[in-house]
């Protein structure tokens, strides 16, 4: 006997939970969410640095990133009844070399062209915005409407609220395959053989989405990459802005709690060959490399103690922007994956748009550039 | 005085260097190299910090650097585990309120 | 990136880690041992009581002395012990990152042994976060390492060996222990440990738990109450004590985080959250081993043997000895370990009520419920005999693995036999000369010398005495019973100290003949 | 597979208890009541609970309260404590200053 709902969402991360919430909010609460592990938000949703930013993004992402910040984030805590710690105090993307500035400038002008308030600032202004930064920073891009939030409570907030609204959740429910019924993707089969059935199937399972989509003959061009993050002990309040760098050295912010959360890498992760991917092990080099990166930009944090570090998989799309798309040859299937490590900040907007796609409505912004079949051979 | 000068099994406590340090500005004496928390205890200090959320007092709990309840502001650095940090002459030790040296409401 | 390489890396220089390194070094390995503390030896350096067991287990030697012996042995065999060395993580390819001084170093070992020991469990009650509520380990650290009293008036929660031993140590440090409480209906630790605390006047409250720690800025009092079968406090049974310190001794948990971080398969067992190990102590990660409390809570004595077994196992794993050599050594050690794991407190008896001794004698219920053997129970044990002339009275009433008293008596008065958990019996065919070696060698301080009619109507009781100030001959005071109550006036007639007694002084008091089987402690007036 | 809604029905609603005020996580000041309530809101794993409430996320990283939290969660879920998976362990094993961690003989990348 199969378990039936209007919509089956594969993946209990922030995107899956947000989609479930916006579906329920629109009155479509006949939704089942399947999480492969025992915990909601086990993957990247709880492992990222909490950036809610527009600056630095590909122009294809900007419309919905901007939409979310304008329309969804401001009231999210109230809507969910959980403190998402959303803080909109701006984002500095720092540069130390001319090359960095060139890169930041290109990104900034591209973003300006689609209407984002982002501009280049010089070393002096950087210090005015955040006096704790290093002296060798020569400039930055500054986006005052960017910010950060707590990815843990945001993800769990979407879960909690949608659960209260009647969405059905199953954890420890790893998906083995999708099945077409009369040409339409309708069934989701778990490893244990349980079958779920729905009119629409949203696939939001991070990198695992690739294996799952393959079972109905769809290949999504993405790879996976492990990345690390760390958190300090509680510190006296220093700043509220989000930080990033042109070189990609690190990114992060000070959480409401007082601790600093930073994501970073050692460069070594790209060759990590993890025997058991589900273990998401940190490696022996990254913690130290991350500290060097952070201290070179925020020297004031040298005495802050790290209490924990962790790792998580990125689902890296071949061109760095996600796949949010219906699939022509697999009707019924909606992809929401390939977020490439920056999906948290856009998750509310993506969740909302997924709910609209299920309902057959027009999405709040045009996302045709995120179609699954956008890639072409280069030669 | 709660120092043990002579112990039935361990014998006489070896003599150590007396040093002074300050606790919230007040000058106190302790032995060089002993944990800061021990010097404070010898001076009758029980509450090392007040918590961030509920402003409750905390003091020595595990005494081996695990529980981190004994943290204080030492030489202007917050969150120093006083139970495993050796006392040095002239140290500035302050009660920690949340993570600050200032009392909070 | 510079990586230093070693055959064998040991994390934790406690009894298990040091023993393993020594055993491996004896086989030609050059191990390196990291410990986060300023001193090696782990918890041994806080343990000032004499250990149980037999000679091969270093019985009747005090914990901190065993620590010193282990260190000397480690040095002799060239074991490198790095102190103030905090291990950060254990990574693939058996890589260990360690903070040493103000930097981090990377090491790789062909084998890594994790011997990180245990951490204290905690229990919460109203006011448990107040300054003055401390772990029993904290009390030991303060008084035995840093020479400071944890408090003046202390309530101890927990009647396991840790609670009992630390209560006694508190008394030795000059603190007052106002009560010992435990939610369990019976004393969890060795009866002899309970008895020595009890006769000092510490009341035991079994089936009692803490209702509340009182105080605003620090502990000023405590309320305990009796628990019913549902573990809830029965209203009206609350008792208040003025205390400045509440000491928690509610068990230990393996400190296995490093093994978990390394990706070892873990299991949640009765002994705690431990790595899944094969019989050699090998975890699921090849080349990573675990020994001592981190692989299941036991005594330091067992940890030392387990460590030696790991050392031999690793020596074989790295090709320094043959499989046969390893097996013969491991078998020998296993036999030692087996003898420690016998008796009433054997792992298999955990949580069980043992009602009869191996000899078929009823176990003292009073001991289990109140902390001391009642007057009408004591005479049923084979160590308690009556005879003319001086003779030992051995108040050892439970089968624990321990036999130093038998070795201590050169006259052959004390018999335990081959099975070291047997109750010691007094053989009246052999003549006691009153040397007192048995009194001083008993790790449980359960042996007394009794002599009737030293003068008309009066006899003498000789007891172990480990307190300061040491009474002097001619001092007059009171004798106390096993229950810690005053029984009669007493006069000190002899005070013996000797290097061979190792800080256990022998105090002889004169009491009326009829009090000879009652007087078990002395306090000056 | 765990059916969250079925399990919520099975364990019943959250009922206030007299000792709910009691602190469990000393570092992050999380009470027993908060943990109990979270279970009845659908947070069944230690991983979720620590992310939701911060229990075990402070300076000591759950070394003191880990076992207590496990006990509370298992009682609310009506399962044996051994069925509740403890939190994962992560480096560093002890809180450590960035400045010290930075000194591992490596070089900062440009």
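For reference, chains read A, B, C and D in written order, and residue numbers begin at 1 within each chain.
The rule is short, and it goes like this: a contact is a pair of C-beta atoms (placed from the backbone, for glycine too) under 8 Å apart; a residue touches a chain by one contact, two chains touch by 3 or more.
If you're wondering where the values come from, they're calculated on a predicted model, not measured in any experiment.
> Counting C-beta pairs in contact, pick out the pair of chains that comes out on top.
Per chain pair, the contact count peaks at A-D.
> Please find which chain has its CA centre nearest to the centre of all protein CA atoms in view.
Chain D is the most central one.
> Measuring centre to centre with CA averages, how many angstrom lie between chain B and chain C?
29
> How many angstrom between the C-alpha centroids of chain D and chain A?
23
> For chain A and chain C, let me know how many angstrom lie between their CA-based centres, rounded off.
Centre-to-centre distance between chain A and chain C: 53 Å.
> Can you work out the whole-Å distance between the CA centroids of chain A and chain B?
About 44 Å, centre to centre.
> Give the residues of chain C touching no fewer than two other chains, as numbers and ranges.
Expected reply: 1, 36, 88-89, 97, 104, 106, 119, 129.
> Can you pull out the residues of chain A that are in contact with at least two other chains?
Only 233-234, 282, 285, 287-288, 303, 305 qualify.
> Multi-chain contacts only, two chains or more: what residues does chain D have there?
In chain D, residues 23, 26, 58-59, 63-64, 88, 90-92, 94-96, 99, 101, 103-104, 106 touch at least two other chains, as defined above.
> Would you identify the shape of the chain contact graph, picking one of line, ring, star, complete or other?
complete
> Sort out for me which residues of chain B touch chain A in the complex.
52, 77-79, 98-100
> Under the stated contact criterion, what part of chain C meets chain D in this complex?
1-2, 36, 86-89, 97, 99, 102-106, 119, 121-126, 128-129, 253, 257-258, 260-261, 268-269, 273
> Which part of chain D faces chain B closely enough to touch in the complex?
23, 26-29, 58-60, 63-64, 94-95
> Taking the touch rule as given, give the residues of chain C at its contact with chain B in the complex, in rising order.
Checking each residue of chain C against chain B gives 36-37, 48, 62, 64, 119-120, 129-135, 137-139, 141-144, 146-149, 151-152, 172-174, 216-218, 466-468, 470, 503.
> Any idea which chain C residues touch chain A in the complex?
Those residues of chain C that touch chain A are 1, 88-89, 91-92, 95, 97, 104, 106, 263.
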